[in-house]
Amino acid sequence: MAKIGFIGLGNMGGPMAANLVKAGHQVKVFDLSDQAIETLVAKGAQGAADVAACVQDVAVVISMLPASQHVESLYLGDDCLLKQIARDTLVIDSSTIAPESARKVAEAAVINGLPMIDAPVSGGTAGAEAGTLTFIVGGATEALETARPFLEEMGKNIFHAGDSGAGQVAKICNNMLLGVLMAGTAEALQLGVANGLDPKVLSDIMAQSSGRNWALELYNPYPGVMEGSAASRDYQGGFMVDLMSKDMGLAMQAAVSTQSSTPMGSLALSLYKQQQSKGKGQLDFSSIMQLFQQNGPL
Amino acid sequence: MAKIGFIGLGNMGGPMAANLVKAGHQVKVFDLSDQAIETLVAKGAQGAADVAACVQDVAVVISMLPASQHVESLYLGDDCLLKQIARDTLVIDSSTIAPESARKVAEAAVINGLPMIDAPVSGGTAGAEAGTLTFIVGGATEALETARPFLEEMGKNIFHAGDSGAGQVAKICNNMLLGVLMAGTAEALQLGVANGLDPKVLSDIMAQSSGRNWALELYNPYPGVMEGSAASRDYQGGFMVDLMSKDMGLAMQAAVSTQSSTPMGSLALSLYKQQQSKGKGQLDFSSIMQLFQQNGPL
Amino acid sequence: MAKIGFIGLGNMGGPMAANLVKAGHQVKVFDLSDQAIETLVAKGAQGAADVAACVQDVAVVISMLPASQHVESLYLGDDCLLKQIARDTLVIDSSTIAPESARKVAEAAVINGLPMIDAPVSGGTAGAEAGTLTFIVGGATEALETARPFLEEMGKNIFHAGDSGAGQVAKICNNMLLGVLMAGTAEALQLGVANGLDPKVLSDIMAQSSGRNWALELYNPYPGVMEGSAASRDYQGGFMVDLMSKDMGLAMQAAVSTQSSTPMGSLALSLYKQQQSKGKGQLDFSSIMQLFQQNGPL
Amino acid sequence: MAKIGFIGLGNMGGPMAANLVKAGHQVKVFDLSDQAIETLVAKGAQGAADVAACVQDVAVVISMLPASQHVESLYLGDDCLLKQIARDTLVIDSSTIAPESARKVAEAAVINGLPMIDAPVSGGTAGAEAGTLTFIVGGATEALETARPFLEEMGKNIFHAGDSGAGQVAKICNNMLLGVLMAGTAEALQLGVANGLDPKVLSDIMAQSSGRNWALELYNPYPGVMEGSAASRDYQGGFMVDLMSKDMGLAMQAAVSTQSSTPMGSLALSLYKQQQSKGKGQLDFSSIMQLFQQNGPL
């Protein structure tokens, strides 16, 4: 069993750290929220007074933070945490951030003698709790292999996308595409309904035809079509519009910096932002259905 | 075995009629092209001198024509074919046309004592030849059941979408969604590549994640990623941009007439029309990849 | 003074016919609504019992109808009005319809010895009442010159766009562009406001810069920026979303039939249809602002 | 006459500094390119060895740099130029950068006792040379008034958009809108031409109708319609696609950070990026016409 320092105990980081504790590791944890620390301590983790303490005397450092600036600030900021971590310690950042931020931090890590991977996840809080997350990893193969046993205790699938930053790129490409799939599926269902079709019948037909896609099959946005879907519980819970917008915003940033044309992704993002601007950022992202539904909620 | 009149022997209709002949039916055929008729006669069909002759003394009439105006003109035009078909003859129109045209013709058919279904297909010329088409049917259940044995000789899957016109609606919804999937997949792959990813690695990751969709898995638009794909043979063959544009144009028409908002579909159609306007309408629709690829053809 | 037959006395046709009466012409009028006829009779027109009576013994026939099917049905339908109009009578259709419908009717008119122009208008009901409409004319120069004195009594500007149908093409191109200007202006204003700018200051700056456009200057969609604008009276009155959608729908039809790529127009139309689908089709088209405004009306 | 330090002597900064020299000011200049310095020295400016020297003993500091990172690095970076400038010196940054960067630098300037305005320009290199630029200013009124005489020697119009950063916001809103106007105008012209209209006739009609906008009237994108336009010289010269993309990219960034929905701007940017990705970033932005023209250059 290994000693692990875990920084960032939010909705995702908390259960991820808990799974490492459950697997028998000695996990030191830190978060800006004392309560988040206490919750983990109650599960068997050891609380750290600050980030410096959290990374002392551990074999692996894992971070799970909200955005690029937090990750850059943690590792490269005034206290430059990277300089306080013992050489050869493995660093895993599971935050979803801009690829260029990921590359910048990883380069600095390597200069400090620290192998580092970016390992953003998908699977949501449910996956974090169940230990069934998907990790999309960027970084050296060797570092990934060192990380693998730890990742496997938090997740089920592990993909190696390429060098540093590639995990972030693959995740935001995937999520941009998902944003497109959901928007396209929603409007296709609405077009069918407006022309007299039953949304369930249409969903079944398209799921067995060339319109088949993840959103249609597993996350049907039309209320009542799929039991247990966010759509069938007023779009409560699930993957929030705010988070989809954040991920697609990272995609737009990556597109701008590489002169990539992404008309479909850009448009889909505008639709999610329409939802946000109406105060619906906390709804599940399949609530984009509401933009199209006639006489539905405004 | 039954007597069948088959009108329209193009790339799709020809092999469909041939499969009915092969199944042992007595098939009378008509097309404006003598050569098309001769090809079928050589396979055992009986040539008809005109559409009126083609529908005399048959139990089933099947038509496969290019567009709404041809179907309306055939059944409702000057000679009003519907009045020349014996009562209770089953009429199957497999053309992809506007739902309102399909409804108009079916209503007139019923008034003339003719059960009628709209049964547009997917599966392309390969499916037509192999007898593995998918039929998406609109019309009365009874009429569909009468039609089923014939459809099964030309296809593999049969879906019942609803009443008259519903087959057309379901097909154009599906194809609009497919148009969106392909465009979104193409730009996601390009974004990944521009940010340093290998298109095959990214495709594999997304195919196992929430970006999964028919276009990505079975019809990958990035050259070289999937053996045998249209993308891997310079977008020759396959499902032409022109046909995708036609189907999506029908979707736009259905959207306008029902005040349905279809931003993603509308944008995707504009992209396919960009390809058409550059003289690339005959390429496979996955050639939309070319719009995004940097330093690619154009 | 001339004898004129005027068919279609709605919000636009009514005041247009009234202006011809006021100018001293003998105007016979017909509409499906008896009350619409009576209103014009009260102003000095002569009521006609049916369309045939309306076009008897006149030098000019003018029609102002809702859509393509009404115009086709009037002139080409069962009673084929074109055959009941005396040779050499000038026919003016001021309806906004599909260019191909306009061409079809004009061709039939010419075959019947009737010079015909398509002369759709802009300027709204206010322009119709004030006699300040703009006519955008398609047809032979000679026919336009014959029509000019009559058009001048109903309008202020007369443009000659080209041959038959060209008036319709120019109008729908213009209105598609207007739909884009309004949507683009609305979102630019919202972006500025969300980033701390005063909408009036930003409007003034853009109106003197390269963002200048008709919608920004004369029809500002932001509430309170421009006195007397539709935006400043809750988007009541003005040019309805429903009408903008109709015109842009004609543009989409013209785009599909010529394989023209119109991404911006298609997207803008989808936004107007979003308004329609929320039951807001009767609001002024600048109400598209509501889609972007944060915490504004949903 | 005043002593001025001018940093950044590119295509825009060079002629701007030259105009200040011409007006009789003592101008110290710095650029990373020695040649750029020499050019200005030949016109009467005084070369500075580095940025620190450039800002010594001057009453006004003006900077004109390519992007946010350059401005942040200049004023806030390792040498923190702001600390080397004498208190009460006026600082004018005319670079087009992210509003949040502008605010960040201005706040730091004020803390260091330096009044600062952001004053991005429009008008291009021609305007810079002729001294007819438009300045869109953010910052305190008092600072703007101090700056005004200097701005007037480089430009013609000066707008006050609001507090720090507001100049940037107004400029990027305007340019996003301009990007939409150009794209919308291009596709409307193409739609007209594809439907048989003369592009000049259609341009004239729309310029006098509600489709009127800056791009149509002053910068017509259709080749041959307007003498002297970029379109009439193969889109050489003018305002490059690369620059339009940069400005619209800043707009997207501002939209993402304020959850503003900008579907039209996002789509237009995707179209400009399509041009870039085909190696056409150096063409004038009206070359977006090429995306729509049928059988035109690919």
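Should a chain be cited, it is by its letter among A, B, C and D, assigned in written order, with residues numbered from 1 in that chain.
Heads up, the rule we're going with is that a residue touches a chain if its C-beta (ideal position, glycine included) is under 8 Å from a C-beta of that chain, and two chains touch if they have at least 3 such contacts.
On a predicted model such as this, the values are computed, not experimentally measured, just so you know.
For chain pairs B-C and B-D, the one joined by more C-beta pairs in contact is B-C. Here chain A and chain D face each other with the same set of residues for the most part; over half of the interface numbers are shared between them.
Separation between the centroids of chain A and chain B, computed from CA atoms only, is 39 Å.
Here the CA centre of chain B is 37 Å from the CA centre of chain C. Each chain gets one centre point, the mean of its Cα atoms, and the points for chain B and chain D are 50 Å apart. Along chain B, residues 255, 259-263, 267, 271, 274, 277, 291-292, 294 each make contact with two or more other chains. Residues of chain C touching chain A in their complex: 263, 267, 274, 277-279, 291-295, 297-298. Those residues of chain A lying in contact with chain B across their complex are 99, 122, 134, 136, 157, 159-163, 165-166, 169-170, 172-178, 180-181, 183-185, 187-192, 194-198, 201-202, 204-206, 208-216, 219, 251, 254-255, 258-265, 267-268, 271, 291-292, 294. Remark: chain B residues 245, 249, 252-253, 255-256, 259-263, 266-267, 269-271, 273-274, 276-277, 281 touch chain C in the complex.
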